[in-house]
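Here chain A shows up in two complexes: once beside chain B, once beside chain C.
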Partner chain A sequence: MKTEGRTLRWAVLALVLVGLVAPIVAGLAQTARAAFGLMPAIGAETLSFAPWRRLAGLPGFASSLLLTLVTGFGATLLALVLAAGAVAALYRAEGRLRGQRALAPLLAVPHAALAIGLAFVIAPSGWLVRGLGPWVTGWDRPPDLALVNDPWGGALILGLLLKEVPFLLLMMASALTQLPVRAELAVGRALGYGRAAVWARVILPQLYPLIRLPVYVVLAFSLSVVDMALILGPSNPPTLAVAVTRWFTAPDTALILPASAAALLQAVLVVVGIALWALAERVVAVLGRHWLRRGGRGRAGRIGLWLAPLTVAVLVLLAMAALLALVLWSLAWRWPYPQMLPDSWSLRVWADADAGWGRALRNSATIGLATTTLSLALAIAWLEAEDRTARSTARAAANTRSKTRSKTGEATRSTAFRTRWASALIWLPLLLPQIGFLYGLNVVFLRLGLSGGLAAVIWAQMLFVFPYVMIALTDPWRALDPRLIRTAAALGAGPTRRLIAVKLPLLARPLLTAAAVGFGVSVAQYLPTLFMGAGRIATLTTEAVTLASGADRRVVGVYAVLQAALPFAAYALALAGPDLHRHLRRRRHPSQPGAAPP
Partner chain B sequence: MSLDLTRVTLTAPGASVPLFAPLSLHVPPGKVVSVMGASGIGKSTLLDLIGGHLAPGFRASGQVTLNGVDVLAEPAEARRIGLLFQDALLFGHLSVGDNLAFGLGRQIRGRAARRAAVETALAQAGLAGMAGRDPATLSGGQRARAALMRALLAEPLALLLDEPFSRLDAGLRDDIRNFVFAHARARAIPVLLVTHDAGDARAAGGPIIEL
Partner chain C sequence: MNLSLSALTALSALAFSFANVASPALADWPATLAAARGQTVYWNAWGGDERTNAFIRWVGQETDRLYGVKVEQVKLTDTAEAVTRVLAEKSAGQDQGGAVDMIWINGPNFLAMKQQGLLYGPFVADLPNAKYLDLGPTAAASVDFTVPVEGYESPWRLAKFVLVHDALRVPAPPGSMQDLALWAAENPGRFTHPAPSNFMGASFLKQALVELTPDPALLQAPANDATFAAATAPLWAWYDALRPNLWRAGETFPENQSVQQQMLNDGVLDIAMSFDPASTAAAIEQGLLPDTARVFVPRVGSIGNISFVAIPYNAANRDGALVVANFLLEPATQAHMQDITVLGSYSVLDPARLGADQAAAFAALPQAPALPGVAELGPVLPEPHASWMTRLTSEWARRYTQ
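Right, the complex of A and B next:
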């Protein structure tokens, strides 16, 4: 049985290495080669710094770089501060936050759809300006202001916050279950510190290490986002990631080499950015300790307890307005300024599925189902392999992590190390900028004859879908009561039957949730589809992003609504699935005791 | 200095009957009053009420005064009522010394003076030289003593003990009990102890009240 577990473990590891790690390494290597002048396919065969010199001379390069740093670090810092303040104010008990239900749906909305909706709301002709009304602003026509695509990236930062604050808040809420928040609040207050002071001095410093990786993901994402920056960010010069995407997709192949240099620079930027952030953590920790030692019972933090949740509430309202604006625009026929609602309605765009949205919807759904199924299967295999080789030690490691470190810490160090090494594999694709390796990977795929097909897109998307599925499934899987599995074993069930007949049914709900998460991530993917599909595979996301710049709002609205609706549908199914199943089973076996319909 | 409860009742969220009959008691300075009762009767909730940590939804009636001042209207951080739980609850992100410095009042100024105050307290607790240690590396008894010193450095006017000895093994239990009670006596702090262990209540040497 032990050897069988080991075989499964090696098989999973090999699959992850070949399927997920190798493409990233190959893509990065290919990008790096091109960055230094080696790309035989376009006749570049001399190793040189010429692409870098060319890059430095490209118009707007320096401003793009600065803009990227400002929006990337700005959005991350703001999101973290807002989430930290809000979590302190909204914390109730057992890791639940007040208003948590309003946050979860925002995680499901793809970035592009939210960005398009936000643009509809804050644009000069959008709801915000209309709502103020011409009699307040004096504008009888949409004002000539750069409210979206503003040159400082303000709209982009706002868009990023709409996604990142809920993400960090939910991560914090789940991490808080590992801390004795109530008791520590009581102890801190008994020592004379106010609520806000205890949060700032005691709870948040212990919470931060638990959400460090998600914060790095947010930073990496903010520094390298493409779809949202295309829709909300400044267009000339754009952020670096957008500029790189443009250069890669430009008709002029001579731009591919400097674009590769910029893509490599983008990867370095993210790695250095995370390193700087980690350094800043150290500095803050040292300064914070000095501050704590002085014993001040300062009251200054109290303002944060209402300012942060208020800001978050405004962000949530803005996001909901954005989604509503998408729906309204998709149904509008005539919607003149400055009216709050359309004059006349029409289903014309909806009725015309053949015009393109039908095909895009099919592609999105097909790719989503395929990536989700494959990712889920791989995640189950991974976790099951962990169970079969090291169930007890993994459990001990998890326990020591959540409670106080104890003497067993020594014994579990080797396991903890392996787990860290394995989780690095899982988090890697989320910490590297997509633009850094996806174009290079596409070149590799081209050479292998894979590019431009559905399979290539599915493979590339899996690099990003699998990590999220794995992250969503790991905690519930580990939380499964091991006594149930041992009971099944004692009744004579072998490992396979234990998996199929006990674990998977018990985990039905988390499995479906993980599937919904994966599906949502897949639907939202832009760059993998754009590059690997070589422009031949149109999904809701690629179409919505392309149309967002200047096309008819009614058409854009339809694509964005569909793009947002697909993940919602997946979540709804995941939530209703188990109940539906139970309901059907009851109808099939009405004689079961206690199963009579009410 | 004394802690006084007058006809205090507590009602759980959604319940109509109070958890226990109206409770009145008087804790003189330096003395320990023990409250005993089955689990679920509301012993910890009573301490939550006095300390200002009552969970939302609970309703209370009656009066709690500390040195003649009604404390129920004040927020927890203004009451100056120290707390000790079953777990020492030393903050994991701070060293042992910094945990104590966290309790030390603001009035002791200057890095050197504050450090000296912490070192003195550590020495009193038999923890001399352990200021830089991670709390997780201390033994259960050491953690309990450090938690008491942290609470005392905030100069509380009263001390609430929520079964603080129940996690300690028998040999250690007596030591820590005596240590805590001796410090409270020495500073003339009124102490309210809740426990379901008759040994704790006997060792406290004061009145025992059954809820």
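Right, the complex of A and C next:
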């Protein structure tokens, strides 16, 4: 049985290596070759640093780099501070936050849709300025103010915060289940520390290591985002990631070489960025220890307890307004400044499903279902393989642990046998910027005769969907009560039967949630779909971003609404699915004892 | 001189039509039609304009009905994406079965593809409907930004630079680039142009260059360092004066003309621009501009060019693409395209070559108040050689990017 587990483990690892890691490495290698002057198709055949010199000489390169650092680090730092402050104020019990229900939907909305809506809300001709009203401001015309696409990237940072604060908050909420928060709050109170002081001094230092990887993902994403920066960021010069995308698609084909150099630089930037962040963690830890030893009871922190959740509430309201604006635009005919609501309405775009959105919706749904199913299957295989190879070690370890802290024990039990490099495999695609390897990967796929099809898009999207599914599923999988599985084994169920009859049904809700997360990630993918689909695979996201560069907000509204609605529906199904199932079972077997609600 | 030139053109056109009869490919047209049946043509075209997208869908329905050729539009945010894609295929050694069958193209993208040997052709003279085109050596359909087309791309719609204003706010629009700078000084922040990395923004700079340069004839030859410095000096002086009065003091620019049109619609700007004289009337019809929007052209005239379709050398559905390119040149198609309720783009056909029925279809098209007559549009100024545009945009970026 142990050898069988090992075979499964190696099979899964081999699949991940060949299917997910090899393409990234090959793509990076191809990009690196071009970055050092090797691209025979355009007659570049000598190894040199010329592309790098050309890159350094491109107008706006230095400003792009600076802008990228400001927006990337700025958004991450702000998101972390806001989330940490809000989690302290909103924590209720057992990993639940006040208002958590309002946050989850924001995770489902793709970045592009949110950015398009937000741009309308905060633009000089947008809702906020209209809301102030010309009779208050004296602006009978929209003011000439840099509210979106501002040269410092403020609007871009705001847009990133809308997505990243809820992400970090929910990550923190789930990590908090591993900490004895209630007990520590009580002890802290008894020693004369206020709520804010206990959070800052005791809980956050324990919480941070548990959410370190999500923070790195946020940092990597903020440093390399393309779609949101296109819509909200400045254009002259844009952030480095946008500039790279532009250079890759410039009419002057010789620009592909410096573009490749810049793509490689983008990857280096993320790696160095994370290293710097990790260094800063050390510094903060040292300084923090001094601060702790002083033993102050810290009343000042209380401001944070209402300022942070207030800011988060404003962010949530902004996001809601952005979504509402999209819905209204999709139903409007004429909506001139300074009207708060459209002058005239029309269902013209909605009525014309054959014209485009019907097909884009079908493509998005098909690709989403395929990538989610495959990723889920692979994730289950991975986790099951870990269980099978490590059960004996785990049992020994679990026996030595104190029973009172079983939850924490469980978590360490499992991390103990996922090697660091195996974790790195999962996180790799999320930590490397897409632009760094996608163009190269496209060339590799073309050589294999794979580009331009649904299969290539599904494969490329899986690089990003699988990690999120894996992350969403790992903790619930490990939190499964081992006694149930042991009982099943004692009753004579083999490993496969235990998986199908015990583990999977018990994990129905987390499985569905992981599927919804994966589906949402798939729907939101822009660059992989664009590059691997050769533009032929039109999804809601590629269409929405393309149309965002056009004049018709009404059409953009339809695509963005659908783009937001699809993952939304997936989350709703994931939340309602198990209840619905139980409900149906109860109606079919009214006497079944297991059907009683918990 | 003039007489002899037109006689020459007529002669060469005559020679062309004889050549057409003799062309073996034309004799093969039924074979092309047969091979094309059942193919799906992936037409790579900028997708930011919903009217154009709708027209392309209509083209697909018609070619499917008539010839069994389907059309799928691959919507691009920038035409260069298609160039990159074909180039990526070439680097991967995929010389057949390429993903791009047809591209809406002109100017620098055409020059890049032609120079890199990425295009199929020459094919235009072999299309049956080429008989409606003026393909003389100096005709508008034979040169693209002064680069000879040589049959590597087929025309489909006419483009001419126009400015758009809201007549309610700007009753008397400026009639020249000098006047525009004066107007902007009186109305700071109410005018801008798309980023010059975009086609429309570069065209604005070219229009200003053509108006301001001491010797426009210089622009017809490839630029070199000396001619470029001399010819553009007045342009930069003018632009330095204009820039502080642009929207957001000229520090950032709308991405393309569609975004700019939206800004005109929102009232953020009072003057915008377009490369399609009919787009304003069409946008009013679509509810995308106020009823008071109107088109105007600088007194000296404005630069004009033709939009083409080209076929990559490795296109998987070449025969289908030929059928679609030919269908676009059908007089009935061009009349439908010129209809303001459809697309409103001017025809590329030579009116002198149309039969009476075909000409009547154009005469019967509906009119609109924002649709300029041919007289109001003024003379068509020739596009500078493509090297000027490349140099203009990089020099602009060098001067005005922080």
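One rule holds in what follows: the second predicted complex is superposed on the first by the 553 of 598 C-alpha atoms of A that agree within 3 Å, B and C clash if a C-alpha of one lies under 4 Å from a C-alpha of the other, contacts with A are read in each partner's own complex, and residues count from 1 in each chain.
Operating definition for what follows: contacts are C-beta pairs under 8 Å (C-beta built on N, C-alpha and C of every residue); 3 or more make two chains touch, one makes a residue touch a chain.
None of these values were measured; they are calculated from a predicted model.
Applying the stated contact rule after C-alpha superposition, one finds that A:Pro476 touches neither chain B nor chain C.
In the superposition on chain A, A:Pro40 makes contact with chain C only, while chain B stays out of contact range. After overlaying the two complexes on the shared chain, residue contacts for A:Pro105 are found with neither chain B nor chain C. Here chain B and chain C are compared by how many residues of chain A each touches, and C touches more. Contacts of A:Gly19 after superposition on the shared chain: neither chain B nor chain C is touched.
After overlaying the two complexes on the shared chain, residue contacts for A:Arg293 are found with chain B alone; chain C is out of touch. In the superposition on chain A, contact is made by A:Gly194 with chain B only, not with chain C. Counting contacts by the rule stated earlier, no residue of chain A appears in both its interface with chain B and its interface with chain C.
Those residues of chain A lying in contact with chain C across their complex are 39-42, 59-60, 63, 124-125, 141-142, 144, 146, 149-151, 234-237, 246, 248-253, 256, 333-334, 336-337, 344, 346, 355-356, 439, 442-443, 446-447, 449, 451-452, 534-536, 538, 542-543, 545-547, 549-553, 555.
Those residues of chain A that touch chain B in the shared complex are 93, 180, 182-195, 197, 201-202, 205-206, 209, 289, 292-297, 404-406.
Looking at the complex, you find that chain C touches chain A at residues 42, 44, 47-50, 53-54, 57, 72, 74-85, 87-94, 99-100, 108-109, 111-112, 116, 188-189, 195, 197, 247-248, 251-253, 255-256, 258-259, 261-263, 265-268, 283, 286-288, 290, 390, 394, 397-398, 400-402.
Interface residues of chain B, counted against chain A in their complex, comprise 48, 51-53, 55, 75-83, 85, 87, 89, 91-94, 98, 101-106, 108, 111, 114, 134, 136, 150-151, 154, 156, 160.
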